[in-house]
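Scrolling down, you'll hit the structures one after another.
Shared between the two complexes below is subunit A, which pairs with subunit B and subunit C, respectively.
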Partner chain A sequence: MFLFKLLLKNAFRHKLRTLLTMVGLIVAISAFGLLRTIVDAWYAGVEGTSSTRLITRSAISLGYPLPVYYADRIKKIDGVTGVTWLNWFGGVYIDNRNFFARMAVDANSYFPLFPEFQISKEEQAAFMADRQGVILGRKTAQRFGWKVGDTIPLSGTIYPGNWTFNIRGIYTVKDARFDETLMLLHWSLIDESVKKRLGSLAANQVGLFMVGIKDPSKASVISQEIDTLFRNSVAETRTETEKAFQLGVVSMSKAILMAIRAVSFVVILIIMAVMANTMTMTARERLAEYATLKALGFSPGFVVKLLFGESMLIALIGGVVGIGMTFPLAKGFLLQTNNVFKVFEISQETMAFQAVAALIVGLIAAMWPAWKMSRIDIVQGLRHVA
Partner chain B sequence: MRAIPLSYVMRNLWVRRVTTVLTAGGMSLVVFVFATVLMMSEGIKETMVATGQPDNVIVLRKGSGTEINSAILRTQASSLEALPGIATDSEGHRLLARETVVLNNLPKRDSEDTANVTMRGTTQIGLGIRPQVKLVQGRMFRPGTSEIIVGQAVAKGFANISLGSTLMMAGREWTIVGIFDAERSGFDSEIWADSDTVTQAFRRSVYSDIIFKLNTIEAFPAVAKAIADDPQLQLDVKLERRFYADQSEGMTRFITLLGLSLSVIFSIGAIVGAMITMFAAVASRIGEIGTLRALGFRKEAVLLAFLGEALGLALVGGLVGLAGASAMQSVNISTLNMATFSELAFRFKLTWVVSIETMAFALLMGFLGGFVPAWRAGQLSIIECLRQA
Partner chain C sequence: MTDQAAAREPVIRIEHLSKTYTRGGQPIPVLMDINLNVDRAEFVSLMGPSGSGKSTLLNLIAGIDHPTSGRILINGVDIATLGESSLADWRAANVGFIFQFYNLMPVLTAYENVELPLLLTNLSRKQRKAHVEACLAMVGLTERMDHYPNELSGGQQQRVAIARALVTDPTLIVADEPTGDLDRATGEEVLKLMDELHRDLGKTIVMVTHDPKAASRASRMIHLEKGVLVDDPGPGAH
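And then the complex of A and B:
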C-alpha cells in the first residue's frame, strides 16, 4: 500500500507532464483501436456468411455472366437445397458518395436462402406485386430517411437509363454480423430491359448463383460437382463457399489493409518514444532521490520497482481512457465516411490488443531509465542535488 | 534586438541526446506516415495520367463510367468511324480502334490469392495510338490468334507468366508471346490481345469502348458535340487522359483522406512529445534563462531560442522521416482499384511538392509543441529565475 501511494504521488508530481503523456497515450491507443476496427470492418463480409451456402460464378471473373438455366441443372445435384441468382445492379443515387449495394434478385428463391434477413409477410407480398418494388436494409433506410412507400431515383451504370424504384419493405437482420444495407430489386425487371435493348440472345444472364446445401461438410464435394457439370461448356464456373468467396474479394485490397495494419503499429511506436522520453526525464530529475533511497538502505530493486510502477500506472490510466475513447471515435468515423462500412463494431479482441499495447508501452518506456537508476553510484547521485 | 546564438540552441539538443533522439524519433515516424501517404497518391496519379494520351478520345456507353460496364453496338461503332476530326495514318487508315475489355481472375505469384486483371482486346491501330506501350521481350501478338502480350506489372505480380507459357482464360489457351513496358502507366497492369479473338472467346456481342486519336486536340469539342447531338448514339465521350484521371479519383481520395486524418491524429502524439521535452528543457535551465536575461537578452530572444530548439528537433525528425519515406520509392505495390474492380500497380513517388509539404508539416508540429513552453520561458522573471537556480 505504501508503495502504491508513493507511485501515485510520484506519477502526479509533474502534473502537466503526466497529463500530456496521458493525452498522447489516449490518442495513440484509441487510434490503434480505430485502425484495427477499420480492418475488421473490411473483413465483416467474411464473418457474415453461412456455411450452408456456396457461390457459383463464372470462371473468367466475378460479374462475368452465366446463363440462368444453369440454376435448374445445379438444383438436381444431390444435397442442394435451393438455388437463387443475382446480378449486381450498380447505379448511382445522385452521386457516387451515396453508395450502397444494389442487387437484382430472384425474389421467389432468394429469401428462403437468406433466413437471416427478416421481413414481414405483408411487405414481402407487396414487393412481389410491384415490378419496380425494392426491399431495403434498415441501415440504408435510416441513412437516407426513407420509409416504405418512398421512391428512389437511380441512374443506371451497368443497366443504362433512369430508374425509379418504390420501397415496398425494409428488412432487418438477426445478428449484427450480417449486412443490413442492401437494396434488393427484381431480377426480372433488369432482364427485360436487357432483352429490349440488346435482344433475347443477350438476356437470361446472371452474375452469380447462390447455392444452398444441406450439409456444410459436403461443401467441397458439391462445389466440384457443380464445376464439373459445366466444364467445357459455353461458360465454365467456379464454385466456392460463401466465406472463401468473400475472403477472395477482401484479399484484392490486401495491400491497403496491410498498410493500415502496419500504420496501427507505428502509432504505438510513436507513443513508446514519447513515453520513454517522459520516464527518462523523470528519472534524470530524481537522481538525487533515488540515491537517497539507496543510502537509506533500499535495494536497487526497489528503485526499479518505483520506476516500472510509475510507468505502468500512467500507461494503465492512459490505456483505459484510450479504450473508452475508441467508442465515440469509431462512431464519428463511421458518420464521416458516409457509412461505407456495413458492419463497424469494436471487437473484444481489439480491446484486449489495446490493453496489451498500453502495458507494453509502459514496460518498455521504463526499461532504460530503470536499468540506469539501479546502477547509480550513491555518492554521485547525492552530489547531483546541487 | 540581439538574438541568442544558434550554437547555444543546437548544443542544448546535443547535451540531452537521449531525449532528443526519442522526441525526434517519434516525430520522424509521424512524418514517415504523412510522406508515404502523399507519395502513394502521387504514384497513383502519375500512373493514371501516364495512361492517357493527350489527344486520344475514349467513347463509352452513356453513364457506364468504366470500360467493364460499357457496351457499344457494332452499328454505333460504325457511325463513330465516320466522324470528322479523327486522325489518319500515312496510308489513310483512320486511327480508331474498337476494343473489348474483360476482367480475368488470375492467381498471384507470391500468395494463394487471386486478383482481377484487365484484358484488353485491341488492334494494331490501338497499339499505335498508345506510343508509351513498348515491347521489351518477345514480339507482338498476331491478329486472329490466341496470342497475348502482358504488361510488366502483370509479369511480375502473377503466377506462371513468362514468355512462351500459356494461360487458361475463357476456356481457351492463350500463349504469351511478348512482355511490354508501358512507362508506369495503367497499361502495365493489363494483358493485351487481338480484339476480334477476345470478342469471340469471351462471347461478347458488343465492344467495350472505342478509342481514337484526334487530328488536333482543338477538334475535341466539335467531336464531342457531334456525338452528343446524335440521339442514336447515347454515348459518353472523354479525353483519354481525363477518363483515367477520373478512374483514379476515388482511390486517391480514399488514400489521401485516410492518410491525412491518421497523420493528424498521430501528430498529436508527436506534438505532446515535443511539448514534454521542451517544458523539461525550460524547467531544467531556469538558472540559465535568468542569466541570459541578466546579460541583457530580451524576452523575445529567449522565446526564439527555445522555439528554435523545438524547430531544430522537428527538423531532425522531419529529415529522418523523409529519408525513410524516400527509401520507399523502390517499393512497388499493387492493389484493387475499386472503380474498375481490377488490380492496379503503382509506386511511391516523391516529388518536390511532397518533400516541401512534409517538411512544413514537421516544422508545424515542432512549432505547436514548442510554442507554449518557449513563451513561458520568455515570461519568467529574472529574479525568480536566478533565485531558483
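And then the complex of A and C:
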C-alpha cells in the first residue's frame, strides 16, 4: 500500500514531464494501433473469404473479360454447387472522394453464393423486380444517409453515361470481417448498355466468375479442371481459391505493408527510448532519496519496485488512453481516406498488442535505472545532495 | 553476560580500523588504525579539518560503508562482517540517521517521513501512529505533521529528521553536520534537541561537525587529522 502510494506520488512529482511522457506514449500506442489496423484492413479481404468459393478470371489479367457462357460449362463440373459472375462498374458519385465499391452482379445466382450477406426476402424481391434497383451495404447507406427508396445518381466511368439507381435493399453482415460497403447492381443492365453502345460482339462479357464448390479439399482439383476446360479457347482462364485471389491482390502492396509494419515498431522503439531517458533522468534526480531509503534499511529490491512501479504506472495510463484514442483516430483516418478500406475495424488482437507494447515500454524503460539505482553506493548517493 | 556487564560494555568498539579508497588506481588511505570505544548514552562529536576522515568514520560506524580492515563492534555485533542484506536489517533496527540536508522524502508529509523507518518493522498501523505522534510531539511538530518538507523551514525539516531518527528507538544516532545548513539560532535549537535526546532519553549519539560551538555541546570531543585520532579524552571524559 505504502509502495503504491509512494510510486503514485513520485510519478506525478514533475507533472509536466510525466504528462509529456504520457502524451508521447499515447501518440505512439495509438499510432501503433492505427498502423496495425491499416495492415489488417489490407488483409481483411483475405480474412473474409470462403473456402467453398473459387474465382475464375482471365489467364492474361483481371482487365481482360471472359464470355458469360463459360458459366454453363463450369456448372457442369462435378463438385461445383453454383456459379455467378460480376463486373466492376466503377462510376463516380458527385466526386471521387465519395468512393465505394460498385459491382454489377447476376442477381439470381449471386446471393446463394454469398450467405454472409443478410437481406430480407422482400428487399431481395424488390431488387429482382427493378432493373435499376441496387442493394447497398449498411455502412455505405449509413455514410451517405441513404435509405430504401432513395435514388443514387452516378456518373459512369467504365460504362459511360449518367446513371440513376434505386435503392431496393440494404444488406448487413454477420461478421465484421465481411465487406459491408458494396453497391450491387444488375449485370444485365450494364450488359444491355454495352450492347447498345458497342454492339452484340462486345456484350456478354464478365469480369470474373465466382464458383461455389461442395468440398474445400477439392478446390485444387476443380480449379485445374476449370482451367483445362478452357485451355486453347478464345479466353483462357486462371482459377484459384478466393483466399489465394485476395492474397494475390494484397501481395501487390507487400512492400508498402512491410514498411507500415516496420514503422509501427519503430514508433514503439522511439517512445521506448524517450521513456527510458525520462526514467533515467528521474532516477538520477532522486539518487539521494534512494540512498537515504537504503541507509534507513530499505532493500535494493524496494528501490527496484519503486522505479518499475512508476514506469509501469505511466505506461499503463498511457497505454489505456492510447488504446482509447485509436478509435477516434481510426475514424478520422477512414474519413480522410474516403473510406477506401471496406473493413476497418480495430481488432481485439490489435488492442492486446497495444497493451503488451505499452507494458514492454514500461518494463524496458525502467530496467537500466532500476538496476543502476539498486546498486548505488549509499555514501556516494548521500553525497549527491551536497 | 549479565545485564550489568552488558551495560558496562561500550556500545561502539572500534579496533584497528583502516579505510583506503582507490582513485585512478592509486590507494588513498583515509583512516589509519583507529581504535575507539564509545559508552552507552555518550554524546560524541567528531571534529577535524576537511579530509580528516571524520565523515568516513561516521559512515563506517553507521554501517553504510565498509572498512578495509579492522573491526567495528556495535553492541557486540561486528558489522564489518555483515553482508548487504543483513547490514540493511541491522541499520533499520539499530541506527537513526540525521543528515546535513535532512534527506526527507519530498513527496511525503512530515508524518509519513517519520513513519518511513517503521514500515520495516512488524508494528501495526495503530502502533506506528502512536510512535510517530509521540516523536513528532517530542520535536514540537505535532501541528505540522501533515505538512510536506517544502512547507517547512530548514529547522523544522531537521526536527522531522530527528523524529525519524528516533522513531525506531535505535541503539545509536549518527548525525552528519546536523546544523551545517541552518542559521545559528535554528542550529542552536537542533543542538538543544539532540542534547535532550542524549540527556533525557539516554541515546548514544555520534555527531560530525565543523563547528566548535556545536561540538562543545557533546560530552566528548574527538579530533581527527589526516585519518588518525589526535585527541580523544576517552569514554566518560565528561
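We adopt the following convention: the second predicted complex is superposed on the first by the 371 of 386 C-alpha atoms of A that agree within 3 Å, B and C clash if a C-alpha of one lies under 4 Å from a C-alpha of the other, contacts with A are read in each partner's own complex, and residues count from 1 in each chain.
In this section, contacts are C-beta pairs under 8 Å (C-beta built on N, C-alpha and C of every residue); 3 or more make two chains touch, one makes a residue touch a chain.
Since the model is a prediction, treat every value here as computed from it, not as a measurement.
A.B. asks: Taking the superposition on A as described, I'd like to know which of subunit B and subunit C A:Val379 touches: first, second, both or neither.
C.D. replies: In the superposition, A:Val379 contacts subunit C only.
A.B. asks: Quick one: classify A:Tyr64 as touching subunit B (first), subunit C (second), both or neither.
C.D. replies: A:Tyr64 contacts subunit B only, not subunit C.
A.B. asks: Give one of first, second, both or neither to describe whether A:Val148 is in contact with subunit B, with subunit C, with both, or with none.
C.D. replies: After superposition on chain A, A:Val148 lies in contact with neither partner.
A.B. asks: Between subunit B and subunit C, whom does A:Glu289 touch in the aligned arrangement: first, second, both, or neither?
C.D. replies: second
A.B. asks: Determine, for the superposed model, which of the two partners subunit B and subunit C contacts more residues of subunit A.
C.D. replies: B
A.B. asks: Mind working out whether A:Leu189 is in touch with subunit B, subunit C, both or neither, as first, second, both or neither?
C.D. replies: neither
A.B. asks: Please indicate which partner A:Gly297 is in contact with in the superposed arrangement: first for subunit B, second for subunit C, both, or neither.
C.D. replies: A:Gly297: touches subunit C, not subunit B.
A.B. asks: Pick one for A:Arg13: touches subunit B only (first), subunit C only (second), both, or neither.
C.D. replies: second
A.B. asks: If you look only at subunit A, which of its residues touch subunit C in the complex?
C.D. replies: Within the complex, subunit A contacts subunit C at residues 2, 6, 9-10, 13, 288-289, 292-300, 378-379, 382, 385-386.
A.B. asks: Would you mind writing out the residues of subunit B in touch with subunit A in their complex?
C.D. replies: Listed in rising order, the residues of subunit B that touch subunit A are 18-19, 22-23, 25-26, 29-30, 32-33, 61-66, 68-69, 71, 73, 102-105, 111, 113-116, 169-171, 202-203, 205-206, 234, 250, 255, 258, 262, 265-266, 268-270, 272-273, 275-277, 279-280, 284, 333-336, 341, 343.
A.B. asks: Could you pull out which subunit A residues touch subunit B in their complex?
C.D. replies: Listed in rising order, the residues of subunit A that touch subunit B are 16-17, 20-21, 23-24, 27-28, 31, 35, 59-64, 90, 92, 96, 155-158, 160-161, 198, 201-202, 232, 234-236, 238, 248, 251-256, 260, 263, 266-267, 269-271, 273-274, 276-278, 280-281, 285, 368.
A.B. asks: Taking the touch rule as given, give the residues of subunit C at its contact with subunit A in the complex, in rising order.
C.D. replies: Interface residues on subunit C, with respect to subunit A: 59, 62, 64-65, 84-85, 88-89, 91-93, 97, 99-101, 103, 105-108, 116-117, 119-120, 164.
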